[in-house]
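For reference, the structure is listed below as structure tokens.
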Amino acid sequence: MARAISTRRKATFTLVAWAIGIAIFFPILWTFLTSFKTEAEAIASPPSFLGFAWTTENYSVVMERSNYSRHFWNSVVISVGSTVIGLLIAIPAAWSMAFVPGRRTKDVLLWMLSTKMLPPVGVLIPIYLIFRDTGLLDTRTGLVIVLTLINLPIIVWMLYTYFKEIPGEILEAARMDGASLYNEIIYVLTPMAVPGIASTLLLNVILAWNEAFWTLNLTAAKAAPLTAFIASYSSPEGLFYAKLSAASTMAIAPIIVLGWFSQKQLVRGLTFGAVK
Amino acid sequence: MGTITLAQVTKSFGDVEVIPPLDLEINDGEFVVFVGPSGCGKSTLLRLIAGLEDVTSGLIRIDGTDATALPPARRSLAMVFQSYALYPHMSVRKNIGFPLKMAGMNAAEADKRINAAAKVLNLTDYLDRRPGQLSGGQRQRVAIGRAIVREPSAFLFDEPLSNLDAALRVNMRLEISELHQTLKTTMVYVTHDQVEAMTMADKIVVLHAGVIEQVGSPLELYNKPRNKFVAGFIGSPKMNFLQGAPAAEHNAHSIGIRPEHLTLSVDDGAWPGTVGVAEHLGSDTFLHVDSGAHGILNIRTSGEVDLHHGDKVFLTPDPARLHRFDASGLTL
Amino acid sequence: MVTAHSRTAARLMISPAVVLLLGWMIIPLSMTIYFSFLRYNLLSPGMEEWAGLTNYRYFLTDPAFFAALTNTLLLVGGVLLITVVGGTALAVLLDQPMWGQGIVRILVIAPFFVMPTVSALVWKNMFMNPVNGLFAHAFKAVGLQPFDFLSHAPLMSIILIVSWQWLPFATLILLTAMQSLDQEQQEAAEMDGAGVLSRFIYLTIPHLTRAITVVILIQTIFLLSVFAEILVTTNGGPGTASTNLTYLVYAQSLLQFDVGGGSAGGIVAVILANIVAIFLMRMIGKNLDT
């Protein structure tokens, strides 16, 4: 395996890869830098990269003027809430499929995944009308319900693949040791699956945080999470680059950090196991 | 108490009947070993007793009460699994204490029992470790500890030694036997290794294709095998079988003679032959002798015998130790 | 471990998930199908009447539908082309020995975690704006006339933005596939005298085919539903120049309140997505067996 690689070759690869990496990352970096500029500097020509007077004023303005914290909190409640409820529904389901497989288990699993492939516009109108008539429009509850349902297949799928790796004998041992089904899941299965459950949680919080079809169509001012709040910068306020940047940075920073921790789970969760 | 009775028990997976109707009586305090080649249904039978599988029909009684429909948790049986099945996220103390916690025992009493079990099994110094930090033998002992703390009416062992290396296996075999002497609780032990069966069992159940071929003490099986299968399965090296003329001499379809019941001579005997492979173990010598028409015969003889490939020898069976079988393989 | 007892428990425990998903799929979808046969406008409630296939006829003969269909295909095709080719190249590059590989990887995948509305707005205002955008600055710096991306090449611009978001996904998955490449096989081929190029063509590419197929299928599912990027950048315009099927249905139903027409469009979108989904499900299903 190990073999000497010429330093020159390695240096070339390093240079090219870093150049491309920085280019791809640049829009995020630029947003981050702009968020510390004054509005005048943000649109200055030629633009300055680092040689500007750093200010955090934009952040305080965004926080003050726009109920930013409420939208942030909406995002947290909606993404975490839908994921946790999803997990509560999915853990028993995944237990069933992983440890008591029947002839139809595979079909059920595939069918669940197939619901994920239903395009949202196919059900936009009924959901909109049902929400309007039940008062769920522009409520966090409504969005939690929808996001739980659209991400449930991915949660079930991911947990299923993690549970499959736990040897059935351990659960049988628990049963022999006198554990009821409830105890078996609480004391044995769940603690053993904690890493898998955590990854599932992480990936789904990210997906729910960034979901931008239902959040845009089902909310107005009250329950709007950050996706919808940022969309309101579309015009003409978006021309205030520094403030747009500050709001954007706050909206994406936590999720990018979480995302970096979930690279592996991302592949697993979004390819449904088709790529290993 | 720990009596287990199987009455007309059957098990089918789909259309495949893996265990035809079977009856078996396990007495209190007995060490019973289910032995047979892989796929003979011995593990399935154990899992039926444990309640991890449903019987297709028939009755299982434990301590006289019908347990056929009881879930495993309510049968008061403890099981040691082949993979040990320890809980990797719990310390040794918590692993051993888990059944007590499930039974709702108070902490002080549970601690007392855990410590006692740990002492018996030499695990006292390891109580705060995780299973991942233990050696194979230690894990095995934790699995046993988890089984003994709750004082079940019977222990079930599913090939518990097959993941250990040879030396450790001999050790653990002794430890389990000693444990049985101390606890005097019923033990049901599944293995494919007839040496384990012979050395540990009070009663051996030989299974073949889901059918009980014979039930008996180790020496009964060794001395009076009921049929050719049991005769060949019990004993190592395996019994020699001969057909044709030598069998006809004894009015049988075939005869069997164990390697240790053949006398070896260099000058005279019943069956002449040529030494093929000679295995010198020190204590014994195993010879593979090509006796022409009778085929290859195994013989076990003393360690001092100095014979090698190509040497001419004569073999004589001990007539009192001959086993005679009819055409269907049953002992005559 | 399978007893009648645990089977019952299993059925019980899987049912909430099944019931919820079944409800989620069947109830709204059958409502959409039903609406698609009605003349139904939210502005004139109570006036619903059976319309047969009229909605479909209108929707499918509407020039906007044709434009939207073309745009959808261009959008999906363009993004796939960029991300698959770019992703393969990046995956091969990132698999080479280098310093700081982990950091480069982090930089490359970051865009995937940026919410669609943020990435669309950042690109629209800070890069593509004809007056203050970085591209305008760059054009001016080399003496060119600034180009108004979103007015003159709206679909191209959206393809660019969406590609930026999905390139990390393709790269990450293809990189994962690259890393499961059998090193000994590569060395054996080298012993057999295969050069770098032929090893890439005969070993690496076939190995990646499966991963590439998965990337194409999964991205297609998501790309058919691109919405937020269009909403905040162009609103589907100018005209219908950047309207895709999803946006058209949204505009028809929630901007023009034409529930019947929108529903018919929604069903058309479902059918299109299903064609892709069938292939994807087959692949996943095969993988479940092994």
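Lettered A, B and C in written order, each chain numbered from 1.
Please note the rule applied: a contact is a pair of C-beta atoms (placed from the backbone, for glycine too) under 8 Å apart; a residue touches a chain by one contact, two chains touch by 3 or more.
The model shown is predicted, which means the values in this text are computed figures rather than measured ones.
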Relative to chain A, chain with the most remote C-alpha centre: B
Per-chain CA centroid nearest to the all-protein CA mean: A
Best-connected chain pair, where connection means C-beta pairs in contact: A-C
Intercentroid distance (Cα basis), chain B paired with chain A, Å: 54
Distance between the centres, which are taken as Cα means, of chain C and chain A, whole angstrom: 16
Separation of mean Cα positions, chain C and chain B [Å, integer]: 60
Residue numbers of chain C (touch at least two other chains): 1-2
Per-residue overlap in chain B, given as positions that touch at least 2 other chains: 52, 71
Two or more partner chains touched - positions in chain A: 172, 175
Of chain B, residues touching chain C in the complex: 51-54, 71
Chain B residues touching chain A - in the complex, by the definition given at the top: 50, 52, 71-74, 77-79, 81-83, 85-90, 98-99, 101-103, 146, 150, 156
Chain B-touching residues of chain C, taken from the complex the two chains share: 1-5
Chain C - residues contacting chain A, complex: 1-2, 6-7, 9-11, 13-14, 16-18, 20-21, 24-25, 27-29, 31-32, 35, 90, 93-94, 96-101, 103-119, 121-127, 131-132, 134, 137, 140-141, 164, 167-169, 172-173, 176-177, 180, 183, 210-211, 214, 218, 221, 224-225, 227-228, 231-232, 245-246, 249-250, 253-254, 259, 262-263, 265-267, 269-270, 272-274, 276-277, 280-281, 283-285, 287-289
Touching residues on chain A, where the partner in the complex is chain B: 167, 169-170, 172-180, 183, 187-188, 191-192, 194
